[in-house]
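In the two complexes below, chain A is the common chain; its partner is chain B in one and chain C in the other.
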Partner chain A sequence: MSKALLEIKNLRTYFHMHGYTVRAVDGVDLAVMEGENVGIVGESGCGKSQTAMSIMRLVPDPPGEIVDGEILLKGKNLLKLKEEQMRKIRGNDISMIFQEPMTSLNPVFTIGYQISEGLLLHRDMSKGEALAESVRLLKMVGISDPEERVKEYPFQLSGGLRQRVMIAMAMACEPSVMIADEPTTALDVSIQAQILRLMRQLQESKNTATMFITHDLAVIASFTQRVMVMYAGVVVEMASVGDIFKQPLHPYTQGLLSSIPVLGESKYAEDGSRKTLYTIPGSLPDPKRTIQGCRFTSRCSKVMKKCYEAEPELVFTEKNHQVRCFLYNDQVRSTPSHLDVSSSRKSRSRKKKKGKVRG
Partner chain B sequence: MQSMRTFNWKLTFVFDLILWAVFVFVSGLGPVSGLFVTEVVMWLVRLIWISPMMLKFIIRRLIHMIPIVLAVVAIGFGLIQLAPGDAFTLMSLDPSIRPQDIENFRTQFGLDQPWYVQFVRYIWNALRGDFGYSLTMKAPVFTLVSQRAANTILLSLTSLALAWGLSIPFGIIAAKNQYNLKDQSISFFAFFGLAIPNFFLAFLLIYLISVLGIRWLPLGGMTSIDHVSMSRIGQILDIGRHLILPAIVIGTSQMAQLTRYMRGNMLEILGQQYIVTARAKGQTESKVVYRHALRNAINPMITILGFQLGAVMSGAALVENVLAWPGLGRLILQSLLERDIYMVTGSIIYGVILLVIGNLIADILLAVVDPRIRVS
Partner chain C sequence: MAVRNLKKYFPVKAGPFSGKSLILKAVDGINMDVARGETIGLVGESGCGKTTAGRCILRLYEPEEGRIFLDPQKHAGVISRVEELDSLRLEKQALIDQMQRDLSGPKTLRKELRELTKEVRELRLKANGLAKNTDILSMGREQMSIARRRIQMVFQDPWASLNPMMLVKDLVGEGPKEFGTHKGAALEKWVFELLDKVGLPRAAANRYPHEFSGGQRQRIGIARALSLTPSLIVCDEPVSALDVSIQAQVINLLIELQDDFDLTYIFIAHDLSVVQYVSDRVAVMYLGKMVENAKASQLYKNPRHPYTISLLSSVPVADPEHKAEEIILEGDVPSPVNPPPGCSFHPRCRYAVDMCRKETPELGRDKDGHVISCHNPPNG
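Then we have the complex of A and B:
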């Protein structure tokens, strides 16, 4: 295995709300190799996006805070950098594509200006050169008549075109890591396929490592090589894409996969009654409370007595397959005592939305 | 879709200079007012060049003005007709004037005619630039109103500049430091300004200045007694000195409102996704706030500016009375009490025209800053 390009060690991002603390990311470890595609899956509110925002160090502070961990980019710890040094990494070494192409572009500036911005910041270019480069980038992401488009404003483009502009913007400085936070969620299916194809082409030609955050398992299957499944702020399973789909180990991953409708399967059972699609019962645990034991206990179909007592450790079952479940190991993770947060005080509002899992 | 046309900046500035020279040397305007007219004209030309739709838009708005002004004049005229008595009713109480003379006056001024005849006559004369003759002040209405309106506009624009100049930075600072000490203290002053009535603040300040004995700050009026004997620069300074108090009084409440608006806008915009995008690009924090966020937060403010430009004439009436500022508000009140119809109608027309022009300016400004309005 080649050396890790981006390495996350024990990342913990907490949100200090009034009277309680939300542990959005609670000890995530991940290594991304050069040119690799890693997928992060999980339902809304499981900490996927906050992991990404932590890597960019864009977690709003206050209330958010990265309380522990290391993020190493080519061996350099990003969490130790000064804001000014970090600014030079954003958009240059690591760039990001967001979920909502409709709101991710500033409505009052031209497309050309917004793409040029990154180039002017990180490359030694004049405004004219940056604009010429923007035209080239727009052509690269498959936009016709780029010379005209650079002068246009975001409201003049459709959602698919805007997402292409976002990709052009993210690719502008040829970053070594690109984080795509649900880049296709807001697009319709045919545009999704185009955008994914474009991203893969670019990713292969520039050898950019990509972290692909989504809750769409079909996208994961077609785009990534390795998958990390997150639940309530922790990694519950990590394996190659083939292993995840062929032999999911964690009950949560199994549940996710059973929730996907199978094409061509009959709607009716053999006795004529209508079949219902499997759903994982319940929803994410209350983020205000510290959970004793495994976080998935309340929804798990294979819950055992010891699951309530301690949290299992993320361990290797095979060479590239990690899982956090007592079904496969007996190791116990100890929570550092200084990070224990009292949850006795009453809180005003819930930080996170509960979301249903989409297959 | 239509894309934007651009122009050569240097070239248009040459045109600016030429036009300015024409105004100053050919038409005999002063250098300052000549520059003002030149810039207004040239900016309109540039705007129309960038977006030809603008010309159509401006012309359409000006045509729409006509029925609005007519309707307002009719309403104003009618309201005064509804009230019993006219400008000569007071005279009839005077035993030294013969009733016959009063009747003669009425015939002379056309007040014996039915209201619709008076109305049509008034409109007809107004179209030829004659807005009537003030019955109580014995001078043409247009001259009187213009003088007073100029005073009011001076006061309003000064307080407007004060309010905007302070509230925009205050709003930004408050939003950037949400719930911090800075934000709290700015919000405190904003609520204070919102809560205190204008005229009461005027009284308070008068009291404060008198108690503290600040001699150089006048308590009212617009000019000193020896104003006429001063040099040109002395006169300007004199008026400026008199402007301070009323401008602060009017500016405070406007600033309070605007600061709250600006803070709210800024907070909303700073929470937008494209701000995260700008940060993710590695943009500096100051550019994120002052370019990406400010450009968006300022748009709704311009709509408010339109209302304020429109209210420039009427907004200051109370303060004008308290601080003895010789403005239009005082004039309207005075002439209403004396049933000076032509005076009242004249002032109303003046106010309405300024209101519509104020809104037009705001719409043009909005088109300048917001591409969504400019292009579509």
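Then we have the complex of A and C:
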């Protein structure tokens, strides 16, 4: 294995709300190698975006707080850095492509200005040089008439073009790690295909390591090499793309994969009778409540008595295939005592919430 | 009960700050037949007019042109008369347009023009009068209120489409109360029955929408649509705002209810795999026009229109070993305010020939029963 470029160790990001604590990211470990494409999948609220925000140190504090863990970029712990030092890293060593190209560009500045911003800050360029470089970057992401486009404002561009501008901004300082948070979710399929192809080309030519966050399993399949599946703040499975899709181990991954209709599949079975799509019953657990045992128990089809009692540990089953489930291993996850929610600083004001009806 | 959506053609006016009004052809002449108990899928990129088409069917927008016939078999005679009148009128309208273009002519021509305009108006009124029992778009207040019961809609965004100030039982019971189909205790019983049907606990009746998750809210939206026992439901992107695991639950529910209530769906979505899954027939739209309409299984196995082909090939497949030939569409959807001349798809089409740049192709049926509009369809 080549050496890890970015290493996340036991990351925990909690949100201290009035009267309760939301454990958005609850102990995530991940190593991203040089030039590797890692995908993070999960449903909304599973903590995938907060993992990315924690790496960038963009978690709003308060109410958010990174309570534990290390994020090592080339051996340097980002969580120990001062805000000023962190600013030198953001956009330079690590950059991020945000979800909504419609809202993540500043509407009152030109495209050229917004791309130049990073270059002026990190590359000691003059304004003229930065603008020339912006034109080159726009050309690189496949925008026609870049000389004209740099003078335009975001509202003058379509969704696909804006996402290209976002990619150009992210690539401006040639970062070693790029985090793409749902970069294609808001786009049409044809535009999505264009953007994915562009990202793949850039990634190959610059050898940038990419963390690709999405809820779309199909996009993951076509884009990444390794996949991390998250559920309610923890990693439930991690393996190579091939293994995840061919032999998913965790019941959640299995459920996710069989609940999406495959293109060409229809509601009629071979003999003409109606068939139903596989579903994972219920919905995500209430983030306000702490769950004893495995977090997937309420929706799992293979739940055992043991699952309610303790949370399983993420263990290697075979080479490079990790899964957090008692079906494969008996190892119990240990929670560090200082993080026990019952003794956390906000727990004193914790009120008993009325249980809700969840379908 | 069948809805036959014969022909719809309507420009929507888009007035920018300048006060100049441009014509945005959101839906530009669509023909489709919806048989009873069938699910028709409407797909296309954003801005292709699929939602507008759905809303026109409910008369939430007033279309400029076209007819939407309910129960076409029952009114076959009337419909053929109306169609005759309509085609006559359109012919005359074309003549008027032609004359207006060279208006510099003598006074007699102007007089002729006025007469023609009057004739057109009369023809329209006559046709509308004939069609008022079956065409949704020419129905009067009374008939419309009866028709409304038979056509309902499930909206896209379960967060925005439910009034946060109303209890679930009032939301679900609003329609029956308004139409007086259920009253008092019977209404309550009916609301409970609907909640059972959509898989919500009865206790949900006394809660507010904000207490529910996205999937549950969509169930409330479905219960609302069912409350008047309609025969046709227009589902406008019912699952696109939901998570994958919840999406499957709602799709299953919709299919199950279709059998229970003998429903016909018009299913609007941009997710091709979902549309493929739920639909019997799929209509592909591009820039306000229908470019292909075929059986769902046929469309996937053997797409004929270049746009459908590339759309299908750009859908990512959940299989890392899948290496399909990707036909990526270049560029964006052109502005519907100023669509390209000829076939509106030609600037992005790899099979475009000279004729595509000049003439708009008509919808035609080919040997497999596909209805496509293309001058030069690939694969024969």
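Points worth noting:
Methods note: the second predicted complex is superposed on the first by the 334 of 359 C-alpha atoms of A that agree within 3 Å, B and C clash if a C-alpha of one lies under 4 Å from a C-alpha of the other, contacts with A are read in each partner's own complex, and residues count from 1 in each chain.
In the analysis below, a contact is a pair of C-beta atoms (placed from the backbone, for glycine too) under 8 Å apart; a residue touches a chain by one contact, two chains touch by 3 or more.
All values reported here derive from a predicted model rather than from experimental measurement.
Because the two structures share chain A, they can be overlaid on it, and in that overlay chain B and chain C fit beside each other without clashing. Vertex at the C-alpha centre of chain A, arms toward the centres of chain B and chain C: the angle is 70 degrees, rounded to a multiple of 10. In the superposed pair of complexes, A:E152 makes contact with chain B only, with no contact to chain C.
Once the two complexes are overlaid on the shared chain, A:L196 sits against chain C while remaining clear of chain B.
By the document's definition of touching, of the two partners only chain C reaches A:K267; chain B does not.
Touch criterion not met for A:M17: it reaches neither chain B nor chain C.
In the superposition on chain A, A:L79 contacts neither chain B nor chain C. Note on chain A: of its two partners chain C and chain B, the one contacting more of its residues is C. With chain A used as the common frame, chain B approaches chain C to a shortest CA-CA distance of 8 Å. Under the contact criterion defined above, no residue of chain A touches both chain B in one complex and chain C in the other. Residue ranges on chain B touching chain A, taken from their complex, read 1, 3-4, 272-274, 276-285, 292, 295-296, 299, 369-372, 375.
The residues of chain C lying in touch with chain A in their complex are 45-46, 199-201, 203-204, 207, 211, 213, 215-216, 219, 243-249, 251-252, 255-256, 259, 270, 272-274, 276-278, 296-297, 300-301, 310-312, 314-322, 326, 328-330, 332-333. Chain A contributes residues 43-44, 158, 160-161, 188-194, 196-197, 215-222, 241-242, 245, 255-257, 259-267, 274, 276-281, 283-284, 299, 356-359 to its touches with chain C in the complex.
Chain contact summary for the complex, chain A toward chain B: residues 56, 58, 83, 87-92, 95-96, 98, 100, 103-110, 117-118, 121-122, 148, 151-153, 155-156, 166, 169.
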